[in-house]
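Two complexes follow with chain A in common, the first pairing it with chain B and the second with chain C.
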Partner chain A sequence: MTTTEIDNIAAVSAPEKKRSGVIRRLLKKPLGLISLIVLIVIVLLGVFAQFFSAHDATFTSLQVVNAPPGTPGYILGADQNGRDIWARILVSINVSVISGLIGAGVATLVGTLFGLLAGYVGKKTDAITSWTFNLLMTFPALVLVLVLSPVTGGAYQATMFIFGLFLAPSTYRLVRNLVVGVKNELYVDAARVSGLSNRRILSRHVLYVVRGPIIISVSFLATAAIGIQSGLAFLGVGSTLTPSFGSMTSDAFINVYSYPLQLVWPSVVQALLTSALILLGNAYRDALTDAERPTRAERRAAASAAATRTRMVRARTAGAPDVSSARSLLTVRNLSVGYAQTDGVLKSVVDGVSLDVAPGEIVGLVGESGSGKTQTAFSILGLLPPEAQVEADVLTIAGDSLVAKDSRELRKMRGSVIAYIPQEPMSNLDPSFTIGSQLVEGLMAGMSRKEAKATILQLLARVGIADPERTFASYPHQISGGMAQRVLIAGAVASRPKLLIADEPTTALDVTIQAEILDLLRDLQGELGMGVLLVTHNFGVVADLCDRVVVMRNGQVVETGKVRAIFHEPAHEYTQQLIASILDENTVRTDPAPHSDMRELEETK
Partner chain B sequence: MTALLTIDDLRLRYPGRGFRSASPEVLRGISLEIAPGETLGLVGESGSGKTTLGRAVLGLANPTGGSITFQGEDITRLSQKQRRPLAKRLQVIFQDPYTSLNPVLQISEILSEPIVAQGVSAADSRKTVSRLLDQVGLPSNAAQRYPREFSGGQRQRVAIARALALEPRLIVCDEPVSALDLSTQARVLDLLVDIQRNTGVSYLFITHDLSVVRHISHRVAVMYKGELVETGPVAEVTTTPQHEYTRSLLLSAPTADPDLQRERRALRRRLREAAA
Partner chain C sequence: MIVYILRRLGAGLVLVFIVTAITFFLTHAANIPVANNILGAGATQDQVAALNAKLGLDQPIIEQYINWLVGVLHGDLGISYFTSEPVASGIAARLPVTLSVVVVSLIFTLVLSVILGVAAASKRGPLDVVLQGIATLSFIFPAILLGIILVYVFAITLQIVPAVGYTSLAESPSGWFASIILPAIVLSIAGIASLAAQIRGSLIDELGRDYVRTLRSRGISDMSILLKHALRNASGPAFTTFSLLFISLFGSALFIEKIFALPGFGTYAYQATIQGDLPVMLGVTLFSVLLVVIVNLIVDLVSGWLNPKVRVS
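The block that comes next holds the complex of A and B.
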């Protein structure tokens, strides 16, 4: 419930967007709409070629050899053989479109089918198909095309079919990797337990989720196929009878010095066709991701909100009375956290929270998910995302006001005065560095590397790690979750902070480990005299550690009190509800199972 | 009366990474029984193999030894095709209601899927869907909505409804309430108990939380490092544990009372010092 909670809140705070279909979002984008129109116009020109041109594409007339554009009946002129360039362009469009369809179609079909199988079925199938496709990638496609040319007769369709096969590995890899990710989702397991056939699971649960990237790759594959076809035709590979952009440019190339314009026409149309395809693919990808991403208007609103707020925490009223007593370690008065929405309305997630932590005191911040407890803790740490608007009358740590501090000053405080222990120990350690190097880094500001290492080793031993030297040199994946939390605690207390903020520090751990970590926290707190703000939803943890409790609901503090008072005579109705819903240790299920005779039977065994 | 589910000396070892490489056994000879209408709570810490045991029963993990018998039928090693008819009698509720529901499907599609897979017509399945939603306390207009529109507790209700769709005899519940808030947790547990009373379904209830186990189980089995260390009626296991691990588990769970917790802490310290 750390960063993910913030993400959730940020997402929830965004207004309920109308979730229109991908196609509609695609058409709303100028890029998507224009490229789609260009594509449709080009394709239609090709399909209805005979209505748009006066001559057949292969009709030759010696009168018009190399005729300039504008010659009657020859809008774009004629080529060196006296053929209508416009008519040939229209037919070439068809050749290109069919090449694209065959190439991309074969590649997508083969790649998707085998990608689904390899990703889903099992390791052996995966290994065999991956080998085959890797081999396919290394095989020189052009050689095969040349070798097979007597069989294919140089027909471009056959050539594109073969190239489609050789383009398949890229789709195969894409689909396979996506499927491997989706396959382990619990909803796929649930579908299997529901008795669905493999075919149905693949088509309904797997393919449906991975379809977006496949559609995008189709546009790139089609472009590649068109390029390959025209390249081959330019080189003169395959039948020279069919007009195509490649053969046209090849013809024009011979006359490039005398009639350079002849080269322009086919190149321009092909460029238009392929770029429209690519841009349409891009627009589709944007349309897919837009569902999750804020619109431009929302981003602008967030940016302007951030711009008006150069300080991390704003004072609500100028010259607010400083009520922090000299005794208090952390003083928070009237803290609010809000997220701006598109319509400019501020959605508040923390609303007027006030709390205190005395030196050496452990205060529990309790509430259910969405109560704003983590947001409160993070605003004290100054770790909220820039969209968050934080305001407070007073926010003071050890007599030092956080209000109107910039992020650099806050960072300094985080290193020395405040420390933090997260919920997920593993995700808070960088997997690519050793534990030692990550811990030493935090101390390097004040001491030499050697001193820092000695301090860290001492601390690792203190937090109950059996072999500090070995753990120091280990990478995060080599240690268990409980060890990782000990490491993070060592890192947090290394700079002897005055205030420790722990966000659900034991939620991800087993009960037996949890008990040890709680013991460790209590001992360290006693030794160092730290104040601790403990964010948790577990009342057992609260009862174990805390001196005082702050209960939050919907961003507001509903009750504050000594731990015994909260547990034994909760004043607020909500606290009473919470306490009542704790699963009582003394009530065990007593109604017998319907066939308790069988149980007795087993007990006598 | 014969047991609904019998697991006998079940062993499981996940395949190693390399060729012929061995990995440690995750299940080391587990034997247990579940009677019709009974809840067996399976407790253990992460890595103890409790989730693997549940997955083996569901056919999502392949045992390397021993047997699983369900309603007199050996289901230890079934092909996926052979397993499909079992869906009617054996179901699952997973821990995480966020990933156990396909985000792109409507609730009605999620719920009707298992019914349609058994060859029921779409019209009949629609009727069943509204009955299911009613059964788990969700409004009937929930059918046309997507999982993302629901809170964690509501999603878990959808997952429960999906498990109930085929009126199974046994539901494997893998930590079904540990991702939920405290108040939601109690309500979902009550719902599960109610459903059991009305339908006579059995639960294999996997959890690490002893208070949850107390609330829902008739009997408790404690797992530790791939073995069952203790099995018995819930009241006995949670008050007079026989095995040392069960004892430490009970003492480790913090109780929601500051004074009791202080005593418990002191007791645990004494035990630990005595052991050391």
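The block that comes next holds the complex of A and C.
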């Protein structure tokens, strides 16, 4: 009940960036303030126990055995041995607080120290410490704490020290992962270049980032330690002379059916103490993340801006004229895609794009990365994330308007009319299923499993896979990138789509395979008579394959026309630059990695 | 594969060796007055010395350890100082009780946390808040108190299940279930929220991956993507959490047993610890570490099997 939860909690806590005002934010939160006050009151009651109680916690009087609450001098009554329950609770607070401090303190010190070392020093240190702490984490900690308790003569402090060691792995992992993350960030490199010593880098940059999550984890570690101490005392392990919540619960448990109230008091105070700790930790985490997140007013603005947000495409104007001509396969008019920023302002990534694809036509959608071409393609496919706000006057595929279609209808279109070939072949196959099973699944709506398998095997052979049966039964990691792209092409054309959208289909492949894939696409397009929207940054591919081209920049269409015309007379300056970037190359089919003009230059040398 | 299992078992045995050795030396060096505990307060010095000699506690600690180790290697864990019951049969009688509770609790935890985690990952928003609330509550609310409340309601007031004691599975399956259902529920509370949060996180990661978009582009339903593809890929990390959960539930079970008066491993360990019954304490340690080693090995094998990259090669 310790390590996994703390891992989850820590995962939620983002590294702090703006620390200023975190404490103030914490105190502004009602939950944070109340938890803090409750915690302070409880701790003070424990510290000044003798001033708040009339009797000593171990003083017994036979006259008050099991006295009810309200007995003079015994606010909460007395237990079966005639001891003042209130006095015992006050002393128990100290035991719990000290247990929490020792457990969390040891875990935090040990975990942080080794976490910093492992994350910062080097691979060898990291390997050894990680191995040790992983081992420690799998120890049956509670059994060992129990068995080893006589070793320390029953002092709960020593038991908590041992338990703290068993808690350390969660802090260790938290700190180590954060440090590794920070270390890879640029600013520590910069600090190193500027000549700061290792120790100073650790304390100034790394500790700065890990401090927030550590503070949060402390509240959970302390709670765990308090719980275990109380559990051990409930069992009866350790000195019976020290009153604690656990031993009080244990005493009360014997009489639970005659004097249930005796059980309530220690449980309530312990629950108050631990909940104050946990809620304070939660409030601190919220205060930390709030420092990065927009304020409530900003969020409200964002919410109202996104009030009508939905994944389906919205018509911009009511009754917009349907300008799609009868012969057009895909018609897009005035398409916009935007994302609400954290400050509530809508950031537009596609702005008023219009384009057409005729049946059997290959249209290139060209632009540098960030030009909005992929966003345009995904909005036609209906595959943008729910945060995206898509609007269009007209968005029609094969005479079927996508505007205001719900997700179910859109899904049906994706399985039949429209298909998609991704850029990165390997990451687009589900690693846990065989290639056959994931391709067959897409066809199951229209045919039996047997038919689907036969179709897929035929298609795999068609896209140039030598041993279709074997590839069918293979897992994605067993095939090469080029084969994976053929598989994905087979998957895309399996449903005989009318429109194929290919997003940089050759960018991630070796140069030799690129040409083959382009040839395959051209052949399939001819055989199936598909319209193709080919998204690419490369004019070489366009020249090779496309009939027409649409050039995009900064979310807008800058130029449209026949490929030949645009190549000969590019009207827009940006188009001229794009074309110029391939003219030096020996072959138009060289398709370098995206968004890197530098690499493009190097490869042509 | 067999080489891998043997190597892992070998490493596990080294761990068992180290942990039991540490426990042996710490407990034997702690001068627990074993003979006095057995003979009572009125024992004379001669009686104590005689008993110490009989138990072998007067020998050098290294010699005692070697004797113990040789015994263990021959399958002899020694005899309890107090009950004269062989430790091995003592453990064999009590481990099934604790394992019953832990395994049933793990099944509860797994089923409920998968449901909660999947729901939270697909719906987000309000369910997230509920999940966080459960997590916080389970952390705060003393499990012992929950146990007592459940006993009060279901065993005393409604009398649906017995309040205390254990019925073995062989004796009566329904009686067995009735005797462990309450402890299993109490034990599950802490794990459900943490495992659900883990599943939710992994699922959200998976749902953001490229292959999910490509599957959607083929018209595959959201349900299939969530429950078949994403869940399958998310099961690896969740399974690792599950193994840590087993260890911590096994530990927590020690506390729960007292409330339900279950004659389990925890009660056995606790009795031995209180009395200073050294052979039992060591036997308990040995079996706990062995159990952890075996569970970790099984978890690794299953995660390997879940991951086709490991399975096929």
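The rule is short, and it goes like this: the second predicted complex is superposed on the first by the 330 of 605 C-alpha atoms of A that agree within 3 Å, B and C clash if a C-alpha of one lies under 4 Å from a C-alpha of the other, contacts with A are read in each partner's own complex, and residues count from 1 in each chain.
By our rule, a contact is a pair of C-beta atoms (placed from the backbone, for glycine too) under 8 Å apart; a residue touches a chain by one contact, two chains touch by 3 or more.
For clarity, every value in this text was computed on a predicted model and none was experimentally measured.
Undergrad: Taking the superposition as given, does A:F567 touch the first partner, chain B, the second, chain C, both, or neither?
TA: In the superposition, A:F567 contacts chain B only.
Undergrad: Touching A:W131 in the superposition: chain B (first), chain C (second), both, neither?
TA: Neither chain B nor chain C is touched by A:W131.
Undergrad: When both complexes are superposed, which of chain B and chain C contacts more residues belonging to chain A?
TA: Here the partner covering more residues of chain A is C.
Undergrad: By the touch definition at the top of the document, which applies to A:L279: first (chain B), second (chain C), both, or neither?
TA: second
Undergrad: Who does A:F48 touch here: chain B (first), chain C (second), both, or neither?
TA: neither
Undergrad: Name the contact category of A:G415: first (chain B only), second (chain C only), both, or neither.
TA: It touches chain C, and chain B stays clear.
Undergrad: Pick out the shared contact residues on chain A: the ones touching chain B in one complex and chain C in the other.
TA: none
Undergrad: Contact residues on chain A for chain B in the complex?
TA: Going through chain A, the ones touching chain B are 185-187, 189-198, 200, 204-205, 208-209, 368-369, 481, 510-515, 518-519, 537-544, 563-564, 567, 577-579, 581-585, 587-599, 602-603.
Undergrad: Can you name the residues of chain A that touch chain C in the complex?
TA: 1-5, 7-8, 11, 135, 137-144, 146-153, 220, 223, 227, 230-231, 234-237, 249, 253, 256-257, 263, 267, 270-271, 274-275, 278-279, 282, 381, 383, 407, 411-416, 419-420, 422, 424, 427-433, 438, 441-442, 445, 475, 477-478, 488, 491-492, 494-495
Undergrad: Quick check on the complex: what are the chain C residues that touch chain A?
TA: Where chain C meets chain A, its residues are 15, 19, 23, 26-27, 29-30, 32, 135-136, 139-145, 148, 152, 156, 190-191, 193-195, 197-198, 201, 209-211, 213-222, 224, 229, 232-233, 241, 244-245, 247-248, 250-252, 254-255, 258-259, 266, 269-270, 272-274, 276, 281, 284-285, 288-289, 291-292, 296, 306-309, 312.
Undergrad: Can you tell me which positions in chain B touch chain A when the two form their complex?
TA: These residues of chain B touch chain A: 1-3, 33, 35-39, 45-46, 58-60, 80-81, 83-88, 90-92, 94, 96, 99-102, 104-105, 113-114, 117-118, 152, 159, 162, 165-166, 181-186, 189, 193, 197, 200, 208-212, 214-219, 232-235, 238, 248-249, 251-261, 265, 268-269.
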